[in-house]
Amino acid sequence: MEGSDAAEAGISQTPPDLKPALEAILMVVDEPVAEVTLAQVLERPTGEVGVALRELSAEYTAAGRGFDLREVAGGWRFYTRAECAPLVERFVRDGQTARLTQAALETLAVVAYRQPVSRARVAAIRGVNSDGVIRTLTARGLVEEAGTDPESQAVLYRTTSYFLERLGLRSLDELPELAPFLPDDVEILEEKQ
Amino acid sequence: MEGSDAAEAGISQTPPDLKPALEAILMVVDEPVAEVTLAQVLERPTGEVGVALRELSAEYTAAGRGFDLREVAGGWRFYTRAECAPLVERFVRDGQTARLTQAALETLAVVAYRQPVSRARVAAIRGVNSDGVIRTLTARGLVEEAGTDPESQAVLYRTTSYFLERLGLRSLDELPELAPFLPDDVEILEEKQ
Amino acid sequence: MGGMTEQVADPESGEETPSGFRVHLDVFEGPFDLLLGLISKHKLDITEVSLHKVTDEFIAYIRSRGPEWDLDQTSHFLLVAATLLDLKAARLLPTGEVEDEEDLALLEARDLLFARLLQYRAYKEVAKIFNGRLAEEALRFPRSVPMEKRFADLLPELVLGIGPEQLAKIAARAFTPKAPPTVSVSHIYQPLASVREQAAILVERLRRAGRATFRALTADCAGTFEIVARFLAVLELFREAAVSFDQVEPLGELYVTWTGAADGDVLVGDDYDTSRSDGDPDAG
């Protein structure tokens, strides 16, 4: 990773004032900001902004900074570096570290891959009523309602952007592939349920 | 100014892991932190911590970062660099929405009628994690902290005088009665939560 | 609940242990979970698993739990037991040659079940990955610090868009307990027989006869739906302490004896007839 050296040697592809501008703006936000939003405010091409953000992130990592710039849930945001967690925990008020139960994790997985999905479908896949677990996941902001199924009128559920943040994913496209764990024609079989 | 190079060349007087630790902590604190507090948490001499902070600040300035580490009101905190202020201002003016979301309005209503109230209680009433929304309402000056609950030590929130002003109320006594809008035994039910 | 466990898997490694019949109640999170557990204990492919062994063990297990089982858990078990029996039935078919339609249907059912088990296992695997990511991610804290005052003051003037009245309405809505979500079955369940009406018939007959078999009491029923309604009515009357039952042997004749008052009205709940009473009271 030579981001830092490259930047200092002026090899960087980005204009000199773009990076400080990005750093300054990201210092005042409290949620991930999309590249396109930053590009609009700074009146720069989105691609250029994306390159600058990635270079910054690489610089921080190369220099071993205690903070990190990461793309999560469709936007960029400053984070502390994982290695510093034990120290940071002492300063962060009531961090939500309560672990999810096995049932909650399984249900979350089904919702993530089958969204929007009804409670009945989740129950069919898990083989057990999952209403209580879905309520818990909703209360913890990981899952939310997503309208109703036009046919059955059942309430549908999907994951939230907070879910992406908690898993450190840029988007749902980054969910691990389910296929390696599944037989070939299970999709078809599942439809029969 | 060779602050950055000096640090990378190992000329710095501070141990290698002290600066990342400081950077991580200062990235998440929401008010200036005194050197002596940082020194206690990191179990390092206050003088050493002070030197490291000043070196970091010099590094950022030398590298022309968009953020700055400054000692203000007896403590250290990350700020945006003054030169970048116009861009940050534009982002704040143009990039931020002027409307409250439905979730924010609902949270505001819950705080208004249940104040002083903890975030956990708001979440229990709404059935949804409300921390982010409470932060937004606080940032918008509609809600503020109101001490801690003596039993649970949870931070409590109340509405501000700006809230009254925006709603055209002289005092909280002028909030409309809830009763006409509520089904009969709802008070009792809510207390059970 | 922990007190009754034989071998409590610790939460970290529990999911990793393929062997060991975990008698931890976590196992009952899903019948599929248990089924997988049973199969993996025998370290066999599902198509080769010695199902009678698993089934026997399973039944022994239920027995050993004795009367402490709650209905919910027992019904989960029954579902698994039924599944196992399906599997066993499919297993007993001669392999290769499929002669009649029923055999084919059984094989299909087995494949479908197998696919569902694999699917469930896939989500279980992914849940493990989720857990790892959540733990890893919990080490990184996002910056969420209030905006410096000079910038906060520049935020566009808030458009509140509501007055005190609307605020009160929103609050009232938030304070109203959300009704537990239910699936409407009104479009599929059209009661053709009212439990209340059937109860009236039963009360009249039992007061006259004193005692009768359930078979006799339902001899004149027009169809299954009416037998079901009459059966529910018998249960309702039992709840009102108006009848008692005796049955000499399992699956033998069920005798119903009138124990209620000789006259007067016997009130039977209309829980079963809501869609009817909500609709047209004169129906029927």
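For clarity, chains are labelled A, B and C in written order, and residue numbers in each chain start from 1.
In this section, contacts are C-beta pairs under 8 Å (C-beta built on N, C-alpha and C of every residue); 3 or more make two chains touch, one makes a residue touch a chain.
Because the structure is a prediction, the values reported are computed rather than measured.
With every chain reduced to the mean of its CA atoms, the largest distance from chain A is reached by C. Taking the mean of each chain's C-alpha atoms, the chain whose centre lies closest to the overall C-alpha mean is A. Note on chain placement: the centre of chain A and the centre of chain B lie 22 Å apart, centres being C-alpha means.
Rounded to whole angstrom units, the spacing between the C-alpha centres of chain A and chain C is 34. Centre-to-centre, using mean CA coordinates, chain B is 45 Å away from chain C. Shown for chain C are the residues that touch two or more other chains, namely 141-148, 151. Touching of two or more other chains is recorded for residues 24, 27-29, 78-80, 85, 88, 92, 127, 135, 139 of chain B.
Those residues of chain B that touch chain C in the shared complex are 24, 27-30, 78-80, 85, 88-89, 92-93, 96-100, 105-106, 108-110, 112-113, 125-127, 135, 138-142, 166-169, 174-178, 181-183, 186-187, 189-190.
Interface residues of chain C, counted against chain B in their complex, comprise 141-148, 150-152, 154-165, 167-178. Partner chain A is touched in their complex by these residues of chain C: 11, 15, 26, 29-33, 76, 79, 111-112, 115-116, 118-131, 133-134, 136-148, 151, 180-181, 183-184.
On the chain A side of its complex with chain B, the touching residues are 8, 16, 19-25, 27-28, 30-31, 33, 37-38, 40-42, 63-67, 78-81, 83-84, 87-88, 90-94, 135, 138-141, 144, 162.
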